[in-house]
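Two complexes follow with chain A in common, the first pairing it with chain B and the second with chain C.
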Partner chain A sequence: MMAKKILCVPLDPVHDVGIKIIRAELDKNGFITELLSPDLSVHEIIKKAASRQYDFILVSRTLGYGVAELLASFIDQLDAAGIREKSKVVIGGKAITPQLAAELGFDKGFDEHSTIEELIAYLNGSEINFKSSGINRCKKDISADHAYKFFDKEVEKLLNQIADKLLLFVKDKTTPGVERAKIRREIIHSGSTDSRKKLVKKYIELCDAVIVKSYSDNQFPLAVRRISESEITSLKKFLSEKNPIHSRKIQHNEHQPLVFKFLGSGCPMMDIVHGKICERSGINGFLIINPSWEARYEGLLDGLLTHQNDGTITSFGNIKLIRDSLDKSTLLTVRAHRGLNTPETIVLAGEAGADLTKINLVYGALGAGTDPLRLAVDGIEAIKLAAEYKMPFDIPGNDELSGVPAWKTLAGLLINVMIGLKLNAKPVLKPLFCYGPHIVINKLMSENYIDYNAAKIAALKNIVDAPIWPGEPIAFMTQTEDRVQSANSTSYHAALAAGIGVDAITIASTDEAYSRGPISVSSRLDSIHAAADGFNFMGNSKFSTTSNFELYTEMIQQKIKDILRTAASKDNLPEAIYDGVLGSKADGAYPGKFGLNTVAKK
Partner chain B sequence: MSCKITGIVGTAKNTGKTTTLTYLVELAAQKKIKTAITGIGYDGEEIDNITSLPKPRLKLLPGTITATSEACLARMNNCYELLERTEFETALGQIVIVRMTKPNLIVIAGPNSRSALAGVLNRIRNYNPGWIFIDGSLNRISPIYLADEIIFTTGGARSTDINSLVTEMKIIEKVFSYPQNNLEGAGYSYADITSVESDFIPDFTSEKIIIKHPVQLKHLKKILEKNNEVIYHSPIYLLLSGDLNGLYDFLSSGNLKLSYLYKPELKAVTVNPFYPDYNGLSYSESFINADQLLRQMKENLSTPVYNIKTDHPQF
Partner chain C sequence: MDNAISHVLDTIDIETYIICKDADEGKNLAMQLGHEMNLGNVDVMYSEFDGYGVRVRIRKYVYKPGDKYLWMEK
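Let's look at the complex of A and B:
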């Protein structure tokens, strides 16, 4: 086959870098290319184009004010001179879309995100066929590459003791939360209206009055309402028209972590729209965050519901709507561990097709959380259910934000890991990349933000081979109202995560703490682009640490062992939590009180 | 059955092509004329590809034959019948010919070159429409010489200076004032030159020179000085010379023997006061004086001038 002849035209008074790079790639791939200088008039370019039989004329131009008219006129003159009968004319540049290429009369358009492979495929007449919808990627399993092998045998032994004691302790116990989870599963699978009614009646006997009212009188808590049919119709129309294509990729290489964001505006439809936009920018997954008051009530609302304040209602309908609306390759996590509905939330998430869930028996029982005994019983049931639904569960270490030292938080995470493994579940460690109170007071990050964050990860890696997913989000308490600063901070922490080698990260939007309402789409994109830029910057290299890194790693690992020894000496995990072993009142952590005295013998 | 082809050409983007076209489609429906539509490029989108401002949408009626790129039909379920696929490609895929079965808003992405437009028009004619519309794209005009008549749209988006808009349309009117030449009789010879190669102009032996490609104005002048009569491709190609003021001076300079191989009729001019105002960051909607624009344009042109939103011409 004859090599194709390509005329490269930088239709730009100055900038010809892009077309030079493209030309070099085309040369390497056997095309015969000629590059014009960037200062030629349209007449001179046409004269050149007419002088020889070119197969393609590649025009490079950044779109700006008045440029569209120039390009259209250029095409007009090529057409009138008869050149279009012998050469295809292609445009590439920033802001070029297929629609714009068509509008200007070009045969094909490539934007800044197009790859050289796509261009070469087009020039060779074997155009890459993208799916007309969908974002063309596979769903990842975060736990897949980890054997859960313990390297620190002493820690393994202590964790075994703590986990075994706890499993024995809760064996003969149940709670209204555990019982509701069973009924909820029956409700979802109930065939007839009659049996459903009977089950709902049984269910609401175990609920608080505010939840009961929603079932019996259709009365919802303040600022909650049902989503209307027309709203669902509009959403479906939007989704059918705006399915993202050609998603960007955040990761620079395949070893870099997956990137997650929160959803939880209160309105599942807004969550979905934001979700679709984030998918287009390459986000790998989302965590649904529920309203804080959901944690306080026995029982969950049912149906497609919107909430006018922070947090999206954890109902089966809402989770399923979000799951079904997101791309199949997008991972969805549902937070379960806070409050009195932990096992039931796992049932809802599992039945609705969520991929992961979130359980921490320690953090969920500290800092205005659930009574430790109640959460121990509920949490064990929840982990069993997560294993049954094949959902890995992540264990957030956000108790560090209350002022708990990292080693106590990490000890708590490890306890959850061992319980998870004993129940055949797939636990995921979620240490914080944060500037938490204990760190501030003790000046642990006064010299740099790398050593201490990296030391937490290194300590965990020295103990066990388990998936690690710094959250929640990374850069917590390092961000300000300045969106540029926030994006930078996300970028640095994402780069650090990539350099250390972790499985995933959660990133905050740049207005996460300051939006004074729902998070804006643009600030979501800020942080995604910031993370992508951090990954690109870091590539396959690493940050360098100082000697403090080794000191901190050793200190954290040693102190984790100390904490676990004390915890193992207690009768059971709830007692250790009540006694402040994993976070004391002096640290700023208080055992939770919701669900106090609700644990019963089976 | 006779079939008229009307091209709608904008002097710039956002000068009212879609609004004029929508009016024509409705007019044809009132007159019970079967219509067909295609376009050069891409039009009918909700949001402007450049200014990001909302645009008027093109609504087609049942029965309209439409030639557009396949990608534009993706969202139009159950409102058209596929008649045929063509071999012509655009940046948005293969051009297909469909018949509308329900009223619907449509995006037209038609053929992007004169040869492809000629091919598509031939296919469309097989379905016996009484009136074919060619939707122009941006200020692209070269393929539109294939039309029988042309309606130009102009307005604030081209220039906010009404005087310069009037001057431009006067030049266009002047360019269209020369007759069609059907090459009857003998003595014609083709000049094998194009604008790109004609730095050197040969001495033509014939008195009647046919020029099929656009040439630079300076060369056209030379040929007309040396020879007697020029049969130029079309008024459209003359407009492609770019230098409109020079063109006007040249055409006004004497009794030129100029005629055209393809001569669409200049049917009308429609004016639109809207313009996208750019503040350095984004565009917003603005308007020049509509009454003054219409009045001055009418005073200076012999071609009919309309504001399609307020007038109701019968064409």
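Let's look at the complex of A and C:
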């Protein structure tokens, strides 16, 4: 086949950058191109176009005042010169739309979001079928590149002591949460209606009254309602008719972190539609956040459920609906460590096909309200289940937001890592990129936001080779209700994460600081674009730190050791938590009370 | 033609600058603007008075999670 000849025309008095870039791509793809200079008159361009047999005349022009008239006149003169009988005329540029191009008489128009692939497909006589373009990526395993080797042997020894004592301590103990998880698994796998009924009866004997009512009388708490069959039919129809086009990547290169977002609007259908739109813009995974009231009740609701409050209800139906609706390559995490349903949440997540879960025995008992002893027993069972379902679990360090110093939080994260490793699970460290109370009071980030955040990561990397996923979200407590400031803050922190080299990040939305209403999809897209810009800005480069970075790294690492020494001197982890070793009342952290006195001997 | 607002996925955010004498007047005018634009009650998400007026971000929740979404049924 003969190579097609293209005349590239910058119909502009000065600018020809865009058409130069396009020309270079066309040359690479085997087209024969000629580029005119940007200062030619329409008459000179027509003369040139008439001088040879071009297959296409490719015009580049940004639309502005009077430009439509100029373009219409250009087309008229090409017609008059008989050029359109031998050449197709194509236009591209800012503010050009395919519709406008057609109205002006061009054979084809491309806007600023069009890709070079679309242009080439057109020049070759074909069109890209965007309806089938999909998301086009592979699912990634966050833990794959890490050997969990400890570089700091003293820390390793201390963690071994703490984890061994805890595993021995909980060995002969159980809770209603542990027992319900076993029954829930049987319910999911139960074959007959009769056996299911018997199991549900057994299950609700271990639940609080408010949950029992939902099973016995179909009465739900706090305006929760079932999603109707017609709503599910509409959702499925909606999803089958919509497909992502021009799917984007947030990462500028393959070394940059995966990017996660929260879902938890209260309605799984809204979560799914938000999720699909964010997937198309490159989000790699989501964390389902549940309502805070779930934490204080024994037992979980069942079925496809929605409500007009924060947090999407944890149920097998809801998790499975979200999992099945998202792209196969999208990772899904389910938060498990808050409240009295930790092991059962892992069962639901694992059975519904979630990829990861979230467990922190320390934070869950300090910042999230559960009694430390109860969470120790539930948490160990949950980690065992996570290993069984092959779900890595992330360990969020959100106790820093209560005022706990970073080194205590990080010591807690490392304790969870060692427990996870002993139970054959894949733990993921999740330190915060935040401007927490301890940091504010001690002016640790008053000079810049780089040194202290980077020092936390460096301290962890000096101790162990484990996956690191700063969250939750990055830039926590740095964002205001100003949309642009919020997007910028996400962008800078995303760039910092990319420069430091971490495995994943969680990003907020530009309405994160607006706490009086649900998050909008536009605000989600704002922050996704901000993170992508941050990654693009950084590439493979790094931020430069000041001398404080080394001081902070050394201080954090040393203090982690001090905390672990004290924790190891205690009889068990719950005792260390009750005694304030990993966050004290003076720090602003209080041991939780949900599930107090509910631990029993097996 | 069915109405466009029922196609909005969740919210309409409007950002603008309103000349006013103080922060309170700025907020009140922002809310009044919502009514004048036939949006009914709007939330003032962000408002900063700088001596001349307020830069504001107002939001109308067209659908909140848990509502019946007309765009899903079209």
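Keep this in mind: the second predicted complex is superposed on the first by the 490 of 602 C-alpha atoms of A that agree within 3 Å, B and C clash if a C-alpha of one lies under 4 Å from a C-alpha of the other, contacts with A are read in each partner's own complex, and residues count from 1 in each chain.
Here is the rule we use: contacts are C-beta pairs under 8 Å (C-beta built on N, C-alpha and C of every residue); 3 or more make two chains touch, one makes a residue touch a chain.
Not measured: the values here are computed from a predicted model.
Look at A:109: by the touch rule set out above, it reaches chain B but stays clear of chain C.
Of the two partner chains, chain B is the only one touched by A:101; chain C is not.
Once the two complexes are overlaid on the shared chain, A:234 sits against chain C while remaining clear of chain B.
Shared-chain residue A:307: touches chain C; no touch with chain B. Applying the stated contact rule after C-alpha superposition, one finds that A:483 touches chain C and leaves chain B untouched.
When both complexes are overlaid on chain A, the residue A:85 reaches chain B alone and has no touch with chain C. By the document's definition of touching, of the two partners only chain C reaches A:521; chain B does not.
After overlaying the two complexes on the shared chain, residue contacts for A:73 are found with chain B alone; chain C is out of touch. Contacts from chain A toward chain C in the complex involve residues 223, 225, 231, 234-235, 238, 265-267, 269-271, 273, 277, 306-309, 480-483, 511, 514, 516-518, 520-523. Listing the residues of chain B that touch chain A in their complex gives 12-13, 40-43, 45, 49-50, 69, 71, 74-75, 89-92, 109, 112-115, 137-143, 194-197, 213-214, 216, 233, 237, 240, 242, 278. Of all residues in chain C, those touching chain A in their complex are 9-11, 13, 15, 43, 45-46, 48, 57, 59, 61, 63-69, 71-73. Interface residues of chain A, counted against chain B in their complex, comprise 43, 46-47, 49-51, 63, 65, 68-69, 72-73, 75-77, 79-82, 84-85, 97-109, 132, 240-241.
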